[in-house]
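Chain IDs A, B, C, D, E and F follow the sequence of writing; residue 1 opens each chain.
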Amino acid sequence: MSDFDPPRGVVAQVVAMALAEDFGILGDITSLATIPRGALAGAAFVARGAGVVAGTASATEVFRQVDRSVVVTWFVTDGSTVVPGTVLGEVSGYTRSLLAGERVALNLLSHLSGVATLTRRYVDAIAAAGAATRVRDTRKTLPGLRALQKAAVRAGGGANHRDSLSDAVLVKDNHLAVLGIAEAVAAARDRWPGRVVEVECDTLEQVAAAVDAGCDLVLLDNMAVAEVRTAIELLAGAIPVEVSGRVSLDDVGEYAAAGADYIAVGAITHSVPVFDIGLDLG
Amino acid sequence: MSDFDPPRGVVAQVVAMALAEDFGILGDITSLATIPRGALAGAAFVARGAGVVAGTASATEVFRQVDRSVVVTWFVTDGSTVVPGTVLGEVSGYTRSLLAGERVALNLLSHLSGVATLTRRYVDAIAAAGAATRVRDTRKTLPGLRALQKAAVRAGGGANHRDSLSDAVLVKDNHLAVLGIAEAVAAARDRWPGRVVEVECDTLEQVAAAVDAGCDLVLLDNMAVAEVRTAIELLAGAIPVEVSGRVSLDDVGEYAAAGADYIAVGAITHSVPVFDIGLDLG
Amino acid sequence: MSDFDPPRGVVAQVVAMALAEDFGILGDITSLATIPRGALAGAAFVARGAGVVAGTASATEVFRQVDRSVVVTWFVTDGSTVVPGTVLGEVSGYTRSLLAGERVALNLLSHLSGVATLTRRYVDAIAAAGAATRVRDTRKTLPGLRALQKAAVRAGGGANHRDSLSDAVLVKDNHLAVLGIAEAVAAARDRWPGRVVEVECDTLEQVAAAVDAGCDLVLLDNMAVAEVRTAIELLAGAIPVEVSGRVSLDDVGEYAAAGADYIAVGAITHSVPVFDIGLDLG
Amino acid sequence: MSDFDPPRGVVAQVVAMALAEDFGILGDITSLATIPRGALAGAAFVARGAGVVAGTASATEVFRQVDRSVVVTWFVTDGSTVVPGTVLGEVSGYTRSLLAGERVALNLLSHLSGVATLTRRYVDAIAAAGAATRVRDTRKTLPGLRALQKAAVRAGGGANHRDSLSDAVLVKDNHLAVLGIAEAVAAARDRWPGRVVEVECDTLEQVAAAVDAGCDLVLLDNMAVAEVRTAIELLAGAIPVEVSGRVSLDDVGEYAAAGADYIAVGAITHSVPVFDIGLDLG
Amino acid sequence: MSDFDPPRGVVAQVVAMALAEDFGILGDITSLATIPRGALAGAAFVARGAGVVAGTASATEVFRQVDRSVVVTWFVTDGSTVVPGTVLGEVSGYTRSLLAGERVALNLLSHLSGVATLTRRYVDAIAAAGAATRVRDTRKTLPGLRALQKAAVRAGGGANHRDSLSDAVLVKDNHLAVLGIAEAVAAARDRWPGRVVEVECDTLEQVAAAVDAGCDLVLLDNMAVAEVRTAIELLAGAIPVEVSGRVSLDDVGEYAAAGADYIAVGAITHSVPVFDIGLDLG
Amino acid sequence: MSDFDPPRGVVAQVVAMALAEDFGILGDITSLATIPRGALAGAAFVARGAGVVAGTASATEVFRQVDRSVVVTWFVTDGSTVVPGTVLGEVSGYTRSLLAGERVALNLLSHLSGVATLTRRYVDAIAAAGAATRVRDTRKTLPGLRALQKAAVRAGGGANHRDSLSDAVLVKDNHLAVLGIAEAVAAARDRWPGRVVEVECDTLEQVAAAVDAGCDLVLLDNMAVAEVRTAIELLAGAIPVEVSGRVSLDDVGEYAAAGADYIAVGAITHSVPVFDIGLDLG
């Protein structure tokens, strides 16, 4: 149980579904034809690039579901930084079982490590800018994989924004068709007392209104760095400020340096390059 | 039912899981607080960039599960090429229902359109090289999303490789620990008669052995373009040739021009930049 | 879609499970034997006591799953106060379908109305004491029914506390074995930035420490009314105060009058007398 | 495997659903922030009141699903009578695992022990009246929890009536719209030979008709004690008699003394006060 | 809703699973390649042999899940006797949808009609022997298909024995290792009051003991016809008699004529020849 | 892990469903009443006839789900030929657990061994005719049991045809309504490159067209032996030939001797007599 494990039930469900779609009706027909039944093997998970590891619990669960007798050992934990060639862990057992689980385990491990690695790049860019701003994820996750992706974001040094629509109030433009900001915040306070209320703002006027309305957090959406700086000066530390809107690795440092408390980045869960990891049979 | 729809049961299951993880226990608490119960609205799915659409059936299913009374209309079909500003479709109904389904619908639509768009770039690069080579996907898909991603690959003009381990025999290095290529192919033929047998080869010697063994397809893995060209000359059209191994957009044209029948690209399902699509309330 | 509906997917799942356990392998064998196949009937849901209604969406879903041709009409909405004899709604269709769904529909409707009714009694007791304190539920819900119970709490005029462990930080005694309150709050802030942090306190010293630590909410657990009053004076409005610990209908008014912002009541979900509702065939 | 365990598959399913709703996407964020990863603890389930225990298998399953390495030991079995302070059992393992499973385990244990305890009160009231009448449950159970509640009823000394609609024929008023009692019983015998046929009667005339029709059991619904006594004299032991209709703890003894073989009590599953049990970390 | 429909939820679940296993990841690739998207067709379910129909509700559900716009019309109901060439029903809609659902619909319809047809042969053989004995099924059903098979047995004129282990007590040899028949029946009566208790007997001594013990039904297992006749004379109508033990179509008439009330036949659910039904596109 | 095991996830799912339908709400009420809680026993699976074993992994899984402490040992593997009286394996553990799992384990084992045994009879008939023809199964499987049945076919010496619609192209009459054979094969090649394309033919003209169209395999449907022989002579080994259409045990040898490469037999999965296996308690 590392600090970045998603709930076990979710992991078990995702793995079961992934194995079902990969095994089909007949299973691993290539190994059944070519690998002798009792043959044993060991194999190593090896990083092919540099990055941050995540998803080891998911990979372990794959082999647990394929064949309980497979032994899985990890030499790193989620959140570890690795270099090309680092051996992340080992599996040993029936060759057929190792090969049957290989692809699903790698799909999980390399995608989730990709999430952690990309997150870490944003975190590092902020640190390089000398800021203490936190990177947060969004609800722009891949369907069915949210819990796993959000855990990987944490492994990469990021923090989690709302886990679901049910978690916190986030008032956006579309919610302001009938009510004004003040009324919307008041309505949210009344109906969901004790929860965080965040207001998305596109203009300085909205920022002022949001603070006056007594929200807990203001989200500056699609603002240029200068505008963000102005807004933050305006707020003068009254409440925390989050910035969102396609912030990239190129400008995340600037936004951070402008004083944002959080920067929400959709890309770390919706546009993730795989972190290349291989399974080398010994 | 477009030509690129995944099986309906899979779509329904993925959408149900995605809504469950996004709704949590309480549902869309922001809309419940700020949007009047009977308020109605219309909204348009609008492309923010240029690309290829996929996933409309999934987005439709989202609103069907959220609220059957929402009307969804599409102006494009999966596989359509769109430009920034293209209105892909419309939804109308209770505002609360539109907002409740918005994020999950967009997550599906923009990821799957991302898959189709990236696939199309590979297809176009091959066409630009004057080749008739087909792009094929791999089993390097995101867990739980394989059927949807593979349909999106087709929408982008690609073709599907194995759907699962149970679909065809693909003999790789790891399967040759005990048996040689000839024996492995013979064993596969004997155990799984009437199925495609493909052999992954790293060397020209293996290519020769694979053809002698009577396999249906040879997979040239991690070979340089020149080596691929040599292998194809050696084969002289005896059997189709597939190329794999981190072929990029930069060199896919060269590999194609070298005469490959298929090029298998993992990136089109494992490293997919989102295709940005918004839902604009009218 | 009333203001108090749980997410539709959860309702559908709970109803499917309830019908599965009530139908078994053969279904409603009594009706199959005694009711002619094409016989039609109408029936009315009638309150046998006074209380607050909740669960109409669940009851509707029951008949939708049993037989789509059954028509369900409601004359009240969740949250309505009714008196003995009030006709809540009507169903009409095949007699066999009405009888097959009757028990499950009533089980849901009468339990959830029981939750709403009991909640309302707490709400009313507080109002009678002249206080503006809000009643909140807890995580002491019946397994599998949390979303439905929490919606019913709102229908009764209560508010929802945490939906799950993943929603907010609530530091209790057991979390303070290693860290002190200040360290625990700091750790929570660091790991889960932007989330509510509440601290459960048994003593005034803990209350002082919790406020100093900068938590958002203090939970006074198992304190007598006088002690609560002292704590609230001590806090002087710095942060909101929640009271918990087997507060009963007899003393909830006193606790409210002492100045608590919220009172958390486990009984409204864990010890709920049924609200008696019948289905009378016309 | 005690004598009162529900089927394991049902327990596993209920627990999985309860954990899913309690863990959400992120899991137990409070413990992740405040409890060191490798910290170990032991904890005791302690009765806060007097009553009958049920649900130990469910509580065990909770920890099994949260973390297989947690060790659960019980000092009592389902059906045991305990006093305030009785230590029911112990769990030991990672502190995080104990805290993560605590609430769901207690929710199950305290609700099911509540069912057993309330059942036992009815059983005791009957015994106090010197009767051998059996308490039976009904189909008025909480959705999704029927198997667990019915097992808890047995732990409390009660017996189970129909498990589902598919189990036995129970002819009620609504089934007699077209057929008379004689015809209805004959139809049931013909269609479901070899099954129990019970007839609900509101009047002595119906009782006479039911016996003449050859049913196996007569259910006297909503009759006063005197009327029940008359009916039983009329029947003269021809077939067993069951009494139902909001029999309370106050009058259950009288009904039993009147000679009923069974008394069906909805309250033991639909209106259950929790049996207070705590988990004390050592 | 015919008299022989299984519970709808079970039908929906079996169909969903059958479609999932038949569609795989890509769906009906042959029709996608060869049938134009908008093409329409009609098709008729035609009996290729003589028999009894069952499973129409399941076949309808298949097309409902494949494509809601397909129209399904039946000219016969479950339980109807048909001759070769009888058109059972029609489907019309998109050709792709008809072809996609064809095999699963036929698999269900032809297996379940096989069950009904085989059951009817036993029923007819008994009628030919001039007996009123009822054919009953057993728990020897195909995994996952029990509810559907048991409904088909009824369509064939048979009756249902236990739906599950939870339905009635059936004491067999293995249950008598510790307790004698009298004790076992008494224990069952005590623990499960109001339920049917049946005792399986291999000898006349056991029959006598079972009746003395007050069971409701005696099951004569693996006895020759003469022995059954003796047992029935011995019982003199005291309680009903069921016969089991590989009774075949050849001797079922004799067993029936010997006076058995029920004959339990495993073959009608475990060894069922398909009833050949085709789907002819018009 | 034998060579004939279906994917573990599928086995677990089928077993869970089978146990759920057999246990109902209360479980094995007979054993609960008659078998002492701690009683232990051993039991042997014994063949009552001669045949081929399949399904041992499924039977093992039954006891694993019922009670992990039950020990299951097999003396034969799937694919073994056994004679009446052969002890296939043993189970030992709590008597209640053995009896609770007995029926579901036997239902699986005896059905799947029935599949293997019937398959072997076809295989043997072909061998007796001196041919090397392979028996293949079809998609005419029992809903939900395809993976298990197809594994049992292999255990019997048969081979698997398509696992699902998604596996290979099989052009039938219904697919030729718009396109001719040449166009249909070309369309399939274009859309699903690298997959097997098989064409079902009813006439010699179709056979010629199919070969000209370049398909991989021709399926001769419902042809007499002489016609098959002519077709095979016509093909002269150009591509493999499969024969289908109610080939029986009586004529399978003749069809094989005519030179078919494969013979597809629906009966081995849709009309399977049970292979009688008992569980004898020691």
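One rule holds in what follows: contacts are C-beta pairs under 8 Å (C-beta built on N, C-alpha and C of every residue); 3 or more make two chains touch, one makes a residue touch a chain.
These numbers come from a predicted model, not from an experiment.
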Set of chains whose contacts include both chain B and chain A: C, D, E, F
Path length in steps (a step moves to a chain that is touched) from chain A to chain F: 1
Cα superposition of chain C on its sequence copy chain E - rotation in ° rounded to nearest 5: 120
Inter-centroid spacing, chain D versus chain A (mean Cα positions, whole Å): 43
Between chain F and chain B, distance of the C-alpha-averaged centres to the nearest whole Å: 32
Rounded Å distance between chain B and chain D, as computed from the means of their C-alpha atoms: 51
Per-residue overlap in chain E, given as positions that touch at least 2 other chains: 21, 23-27, 32, 146-147, 160, 163-164, 166-168, 191-192, 195
Contacting residues of chain B [partner chain A, same complex]: 14-15, 17-18, 21-36, 39, 41, 95, 99-100, 103-104, 106-108, 110-111, 114, 139-147, 163-172, 174-179, 184, 187-188, 190-192, 195, 266-267, 270-274, 281
For the chain F and chain D complex, residues of the former touching the latter: 16, 19-20, 23-27, 32, 37, 65-67, 94, 96-97
Residue numbers on chain E that touch chain C, as the complex places them: 1-3, 5-10, 146-147, 150-151, 160, 163-164, 167
Chain F contact footprint on chain C (complex, rising order): 21, 24-25
In the complex with chain D, residue positions of chain E that touch it: 134, 136, 154, 159-161, 163, 166-168, 191-196, 198, 217, 240, 242, 261-262
